[in-house]
Structure formats: structure tokens, C-alpha cells
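First the structure, then my questions, so here it is.
Chains: A, B, C and D, in written order; residue numbering restarts at 1 for each.
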Amino acid sequence: MGGSSNLLYIVTDALRSLRENSVTTALTAVTLGVSLSIFSVFIFVFVNLNAAINSWGDRTQIVAYIKDGSEAPEKIREAVLSIPGVTSAEFVSKERALTELKNELKGHEMVLEGVDSNPLPASVEIKVGGLYKNPGAVSTVVARLKQMGWAEDVQFNREWIEKISGLLGFIELAAVFMGFFLAAATVFIISNTIRLAVYARKDEIEIMRLVGASDRFIKVPFFIEGVVQGFAGGVIALLITGAGRYLVAAKVPPYFNFIVQTPFPVPVIAVALIAAGVLMGVAGSLISMARFLKA
Amino acid sequence: MGGSSNLLYIVTDALRSLRENSVTTALTAVTLGVSLSIFSVFIFVFVNLNAAINSWGDRTQIVAYIKDGSEAPEKIREAVLSIPGVTSAEFVSKERALTELKNELKGHEMVLEGVDSNPLPASVEIKVGGLYKNPGAVSTVVARLKQMGWAEDVQFNREWIEKISGLLGFIELAAVFMGFFLAAATVFIISNTIRLAVYARKDEIEIMRLVGASDRFIKVPFFIEGVVQGFAGGVIALLITGAGRYLVAAKVPPYFNFIVQTPFPVPVIAVALIAAGVLMGVAGSLISMARFLKA
Amino acid sequence: MIQMFHVSKNYEGGSTALTDVTLKITKGEFLFITGPSGAGKSTLLKIMFGSEPPTEGQIIIDGRNYFKISSSELPLLRRRIGFVFQDFKLIPNKTVFENVALALKVMGTSPREIKNRVLRMLSYVKLQHRANFKPLCLSGGEQQRVAIARALVKEPAIILADEPTGNLDPALSIETIELFREVNNRGTTVVVATHDKGLLERYGRKTVHLENGRVTG
Amino acid sequence: MIQMFHVSKNYEGGSTALTDVTLKITKGEFLFITGPSGAGKSTLLKIMFGSEPPTEGQIIIDGRNYFKISSSELPLLRRRIGFVFQDFKLIPNKTVFENVALALKVMGTSPREIKNRVLRMLSYVKLQHRANFKPLCLSGGEQQRVAIARALVKEPAIILADEPTGNLDPALSIETIELFREVNNRGTTVVVATHDKGLLERYGRKTVHLENGRVTG
């Protein structure tokens, strides 16, 4: 067989056939683009939301109050940080505690008017990492802290910790469900669209086989069509997500900015979307037409 | 022409043709169902989220402190409620204020040890309605409150109010964008799928015309097919959303339950989904085939 | 029954199929149209049928001018014409029975009558045993006979048959023309485009000969 | 060249197309197959072409047993056979030129040679002026000639032609058979299924007659 010149010929031909089926090709590409962009908007919002909740859940979870006249703050911090699971420990001096209380009491400062000496203890504010993966860690850390000589009292909000880790777990679960469903829906819609488009050309495939075309000869145009459709679909998805973000970003309140952040670098997103489009376009085309080759 | 017996005949025929095209019909129905369920999941989550944020934003927004020895609490409440925009006003006595402060100070009660007489003033906690629709209302209410004789001090968190109303506004905007986009995507995908399915039968339509079929005769089967596909699609969407909710609901943390609430009564949802499915199925079928009738 | 005045037809793409054709076919006539491949026979029939508009000229069929027929009346007119298409135009996913029945269904004939008439018609063209086959499961000649059955079953006022014996053996060809002659004897106007020399020699008393889109005899 | 031993064919759906057909066609032969509509002519050709499997029996073509040919070799064999399909089987959204060129393209012929050979072939069947038309814009006979051109353009070792003159006028029919005889003279084996009495009288020295799926003469 004529080797590379033959392939060139097949490609030229495929591009012509693409032009002939341009309406269907375009609509399939748009379907691909629309489906992909729904999926990617979901992924973006999920990643952003997850990051936000994670950082929100990443607040101080345990406060250990320190007996007056205990060891040096540095020693205490080190001791705390050496407990497995602890990711951060911040020392809060008696003075800082009072200042913070005054801030918190804004509007009620009068209650402190009679107070002379500082009655507040120093404390360490502790964060435990991987809250969602290991909600039991907090109790272990608390138990260890209570054994320390300098610890007067260890406080933590069990309820709040459970809420956060429950929420994180749920969001992850819901996202996995939704993600799988959307992915399945995207694949289904795209493959069905391509199936219908290929079905309309089953006679053409049949005739090519009768005239002695090899499977490769028949597949190449569909492969190329899949690549072109997929590429176009990926670009459309990119444009839709980009345009959506642009339209929405201007109106987003500043403290809520995280939700419209691009969770990955733009070139990565572009490549991923286009790659996903091409993959689906090619797979959809080849799988749809394989049925007609077997027959 | 034969009247109702003729119509019965056409219907029987349409059902047969549905059986003949059963694969395509089924896949189109699934496409419809999947697209509709994406759209409806979005609507449900949006409605629930919006309700939650609304109720979250519906916290006390203004606190007016009352001079010791002012008018009776009832009078004050009435005066406050008569200000336009105020939806609720709760009187907090000096005693309750102290109890609440003690609660808030849990763990720091020692600061109150030296305090004998109750230094806290009574207050009214005020909510302003329609925060998102009219973020200026709060300032107006505050100004009116300050003119009252009994008002010692009026406090409100401007920043927080702006955040909430900004957030509500943004979510509504984003939802409108996303909703329009998803609706457009759903309509596009469904109509394209139906278009391709009908296109595969353009020869059949052409032959029917040549044999002397009236437009109505040709349309009825497509109409019926649209109804059946749409109905099946609606049911599929209902099943998907129902199953999704069931799977997710078991895992949802209790305080987060609102997100999986059914925002409308189930029969209403069922009817709406099926109606939407039928509408789209019929419109898609008839519009797609109209092209072949004109030619 | 059918009158054409100075009809010309140029297809887009530049081919001229008919040039200045004037023709009068009276009710109850039996007319053959002949001419080499590409002479315009099919085009002439399609114009009579109203499925191709002429580029120029007037056609009056059954007393009515095609240009004055509304699109909702066209189906009614077509029900009065039986057309045997050169490429059969059968619906591939309907059975032979259903394909033939379609011609009656569109007129609102009752199911019982449809069944009777379709089965009778199928036996005329010797296809009783193929009633439940799909067209693609038939031989070429069998498909052609289905197309003939569909055109005749509605007992139309006019039959336009385009190369109706191209896929039939000589014996069946003669039987088919005899079938046409029979309905012709009952008053139906019949126009048959054909290349079949045997048939023309046997039956071709009245023949219009086309050559390059012009009537030459 | 082609040998069939006790070949039978029953289609699903219950129709028997061929019963116990034994046939030997030698290289360079010119054979007609006749028989009434539905006798099994097309089925016989399709079995020779390998596009319908026989229910029973053996077929050896070009020295190879069809049952032992792998699916990747089938295209290679088909390139050596030119088939004129009774229903043409042209690709509707490709031009006449492209349809004919396809037979060469699948073999990897160079574009220049394709162009030369296709245009020459189109002029043999008198369709030079229709090279850029789509099949549906052609008359029935023109489509048939495109199908003939596509079968001949690759200069195959065997030509199987199913009713290749059904839509052609007598003059073109004779020209077509002359074309087949010409390639036959250059060594190509030709098998033509036909009803055309005229052709059979003129050329039918060697004829296989089928009746109800059996060879009767």
C-alpha cells in the first residue's frame, strides 16, 4: 500500500468528508463542548469549595491553658508540636489573651472595668492536621496534652470538630457521586450523539467495505473526525468555562473570590479539556463505527 | 378522512414504529433523562442553598441598647416594629444580657468574679427583611432608631451585612447564569439528539410525502414518539434525582440536612420533570422533522 | 387529464433535463415514454407528479394548474396518482405489507379494507409469500413489484411508472404491463417510461420519444 | 477461477435462495446467469463475492477457499473482484468521480493515476460531463453506469455484474456488454446476471439458468 503518501491522501479525504458533514460535526463538537464544560465547571467549583472548607475547618481546634509559672513558651510549643497529628501550635501569652478578650467584648467593655490584675491564663492554640481523614486524632492529642505537667485545662469543641469533619466527608462523598454521575452523563451523551452521527453513515461504511477498503482505511476518517470534533469540543468547553468565569468574576464579592479561582494553571486546564475532548471524540467515533465493521 | 378510527390507527402505527426504533428511542429518552436530572439537581441544590443562606443571613442585624429606666419593653418593641423594613424585634432584658454574656464567656468566667451590680444595658435585637433586595434598608432603620429617645447606642455590623447581601446577590447571579447555561445546554443536547435521530429517518418522511401523506399524518408518529420519549425521560430524571438523593441523604451530616431537602412537594417535582420531558421531547421531534416537511 | 405547455427543466448544477416539452395526455390513455438514458423521462414523470417543479412552462393535471395548488392540497392530488419510482422508494424498516398499505393508510381507508386490498394486490404481483419481509430482504425484482403494488393498490386515476420492468424477467414484465392494461381498461390513465424494446414492440402503439430533453416523436 | 460445490443458501426469515448449486467458471470465461425474478441470481453472485456466506457447500475462488480467508484478507480479495450491484450502492454524498476513485483509493493508487484512470473510465461509460455530480442528481441509467465504471476501473481479475443493464437503453446495454467483452478478451473472468432477452439472444452462448434456486440449464 502506498505508505505515507497514501496516509496523506486518506487525511485529505477525511478533512473533505468533515466539510461535507459539517453541520453534524459542528453540532457534535458543540455537544461535546457543552457537556465537558458542565463537567469542568463542577470540578472547578468543587475543588474551590473543598479548599475553602478545608481552610475554614483548619481553624484552631484545641486550646490548652497553661498553669501560671510553667516552663518557657518555646519548650511548651516544642512539646506540643512533637505530638503526632499536631500541625501547628501557637503560644498566647496572658497579655495577648486579655487584649483579645477586650476585642471580643467590644461594646461590653464595661464588664472589665472593675478588673485590675490579669486573671486570664496563657494558652497554646493547637491545630490537628488531616481532620477529615482521621477525626479521632483530636481526642488522642487531647489525651496526650492532659498528661503534660504545665496543662491546667484542655478545651476543644467536640461538636464543632465533628461538624467540620462530617461536612468535609459529606462534601467529598457528594462530589464523588455527582462527579461520577456527571462523568457518566457526559460520556453517555457524547457517545450517543456520535453514535447517531455515525449511524447516519452506516451505508457509506458498508459500501467502502464492499469495494475492498481495509478496516484501517475506513477508520482513519472517523479517527480524524473524532480528533477534530474533540479538539473543537475542548476549545468550546474552554471558551464556555472562561466566558462564564469572566462574566461571574466581575460580580463576585471579594471575600468569596475563592469560588471563581482557577484551581489549576490555565494552560493545564486548557490541555486537560482539549485532551479530554479529543479522547472522547476519538473513542466515541471508533467505538460507534466498530459495530458496523464487525457486521 | 376516516376521523377518530383513523387517528387510532395512526397511534397504533406510531407505537409500532417506536418499537422498531427502540434502541434510538431508548437512548434519546436516557439522554433526555440525564440532561433533565443534571438541570434539576442544580435547581434543587440552588433552591436549598439559597434558602439556607437566606435564613443564615436572617440573623439579628441591628442591636439598639436602651437607656436604663426607659419606657416599657412593649412600647419600645412596637416603636421599632413600626419602622418600615423591620421584620422582627426582640427585647433583651438586663438580666438576660448578663446570662448570655456568662454563657459566651464560658471558660473565662473568672473575669466577672469582681463584678457585683449588673453593668449591662437592656437592648432590642432587630432584623431587617429583604436584605438582598434592599441592602440600604439597614442604614435607614439605624438612622430612625438613633432618633428614638430611649436609644442609648445603636450597633450594627456594616461589614457583615454587606458580605451577606453581596453573597446572596452573587449566588443569585451565578445561579441565573448557571441556570440559563444548563437550560440552554439541556435544550441543545436534547434537540441535537432528536435531530440526529429524526435525520436518520428523513428518507422515510420523504417517501410518506410522496405517497400522499398529509403533514398531520407524518407528524403524529413523531409527536407520539416525542411524548413517549419525553415521558420516559422525565421518569428517568425522577429516578436519577430520587436515587441520588437517597444515596446521599443517608450520609449527610444532620446540620447539613437542608441541602438534600426536597424544596417542592414530590408530586409537584414529578409532574414538573415529566412535563418538562414531554415538552422537550415533543418540541424536539416536531421541530426536527418540520425541516423535512418544508423541503 | 395531463397537459404540459412549453415545459423546460434545468436542474441546479447546470444539467438541462427538459426543453420546451408540450404534451397532452387524455383520460384513459396508455402512453409509453422512451428515449436513451438521461433523456429526461424520469424528470418528465416527476414534473407530472409535482415532485419536481418545472423551470418554465405550465402543467395542468386533472383540470388543475400545479402552480395554483396549495401545499395542503398536494397530498390529496398525490393520492389520485400512483407512481412507480425508478429507485422503488420503499421504506426499509417497514414490511412489504406495510409499505403497500401506506398508500391506503394515508387516505384513511379502514384497516379491514386495507388488509383485503393489500393482500389481493400482493397476489397480483406474486408476492403473497413475502408480505412480512422487509424490502432489503427481497430480490431486486421483488422490490420493484412491491413498488408497483403500492402504486396500484389505491386504484388511482393516473399511473406514472418509471422503468417498472427494469428488474423483471420478460414473463413478469409482460404480466406487469397486462396489469397496467387492465386498470387502463377500467379508465385509469397510464404513463410508462421504459427502455424495454420487447415491451415497446409488443404494446407501444402510442409512444413519446425523448432525446436530450426534447420530444422527437 | 470460481468453483462452487453443492452450495445452498437459506436466508433467515425462511426464504431459500439457492439449493445445491455446483458450478465451475474457468479463468477468462464470459458467463451469463439468467432466471426469473427471485430465482437466486443475486444471491449466487454475492456468495461468489463473499458478502453472503452460504448455508452449505464450499466455494473456491482464485484458488482459495472462502471459509479459510481471514477477515483482514477479505479486502484484498475484493480488490481483485469488480462487482456491479443491482442497487448500485453508490455513496450519496460523494461525487461520481469520488465514487469511482474509491475503488482505486482503497488500493493505495497514486492520486495522479487515479485521476487518469477514473476520467478515462468515465468517458468509456459516457459520463465525463457528470464527474462532479452527486449520484442522486443522476438519472437511473447514469447511476448504473457509475456503478459499472467503479467495478471496471480497478481492472479486476473477475467482474461480477448484477443486472448491469436494467436501467440502460438497448444501445447503451450493448455498449456495456461490449466493454465487458473487451476486458474479458484481456483475460478477465466476467459473470453477468441478466433478464435482458436481447442481450442473451445476441451474446448468450454460455448461460447458466437458475429456477427457484436450482441450476436448470
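Convention: contacts are C-beta pairs under 8 Å (C-beta built on N, C-alpha and C of every residue); 3 or more make two chains touch, one makes a residue touch a chain.
Since the model is a prediction, treat every value here as computed from it, not as a measurement.
Novice: Supply the minimal count of touching-chain steps required to go from subunit C to subunit D.
Specialist: Minimum step count, subunit C to subunit D: 1.
Novice: Can you list every chain that touches subunit A and also touches subunit D?
Specialist: Shared contacts of subunit A and subunit D: no chain.
Novice: Please identify the chain with the largest separation between its CA centroid and the CA centroid of subunit C.
Specialist: Following the centroid criterion, the farthest chain would be A.
Novice: Centroid from C-alpha atoms only, then distance subunit B to subunit C, rounded to Å. What do you get?
Specialist: 60
Novice: Could you grab the centroid distance between subunit A and subunit C? Build each centroid from C-alpha atoms only and quote it in angstrom.
Specialist: Roughly 66 Å separates the two chain centres.
Novice: Can you work out the whole-Å distance between the CA centroids of subunit A and subunit B?
Specialist: 24
Novice: Where in subunit C do residues touch at least two different other chains?
Specialist: Touching at least two other chains: none.
Novice: What are the residues of subunit A that contact at least two other chains?
Specialist: None at all.
Novice: Work through the pairs of chains, note which ones touch, and then classify the graph as line, ring, star, complete or other.
Specialist: Ring.
Novice: By the touch definition up top, name every chain pair that qualifies.
Specialist: Those chain pairs which touch are A-B, A-D, B-C, C-D.
Novice: Help me check something: in the complex, which residues belonging to subunit D touch subunit A?
Specialist: By the definition above, subunit D touches subunit A via 51, 72, 75-79, 83, 85, 89-93, 102-103, 105-111, 150.
Novice: Quick one: in the complex, what on subunit A touches subunit D?
Specialist: 1-3, 5-6, 9, 13, 20-21, 203-204, 206-215, 217
Novice: Would you mind writing out the residues of subunit A in touch with subunit B in their complex?
Specialist: 24, 27-28, 30-31, 34-35, 38, 41, 101, 107-108, 110-115, 119-120, 153, 155, 163, 166-167, 169-170, 173-174, 177-178, 181-182, 185, 188-189, 192-193, 195-197, 199-200, 240, 244, 247-248, 251-253, 255-256
Novice: Sort out for me which residues of subunit C touch subunit D in the complex.
Specialist: For this pair, the touching residues of subunit C are 11, 13, 15, 34-38, 41-43, 86-87, 130, 133, 137, 139-142, 144-145, 162-163, 166-173, 195, 197-198.
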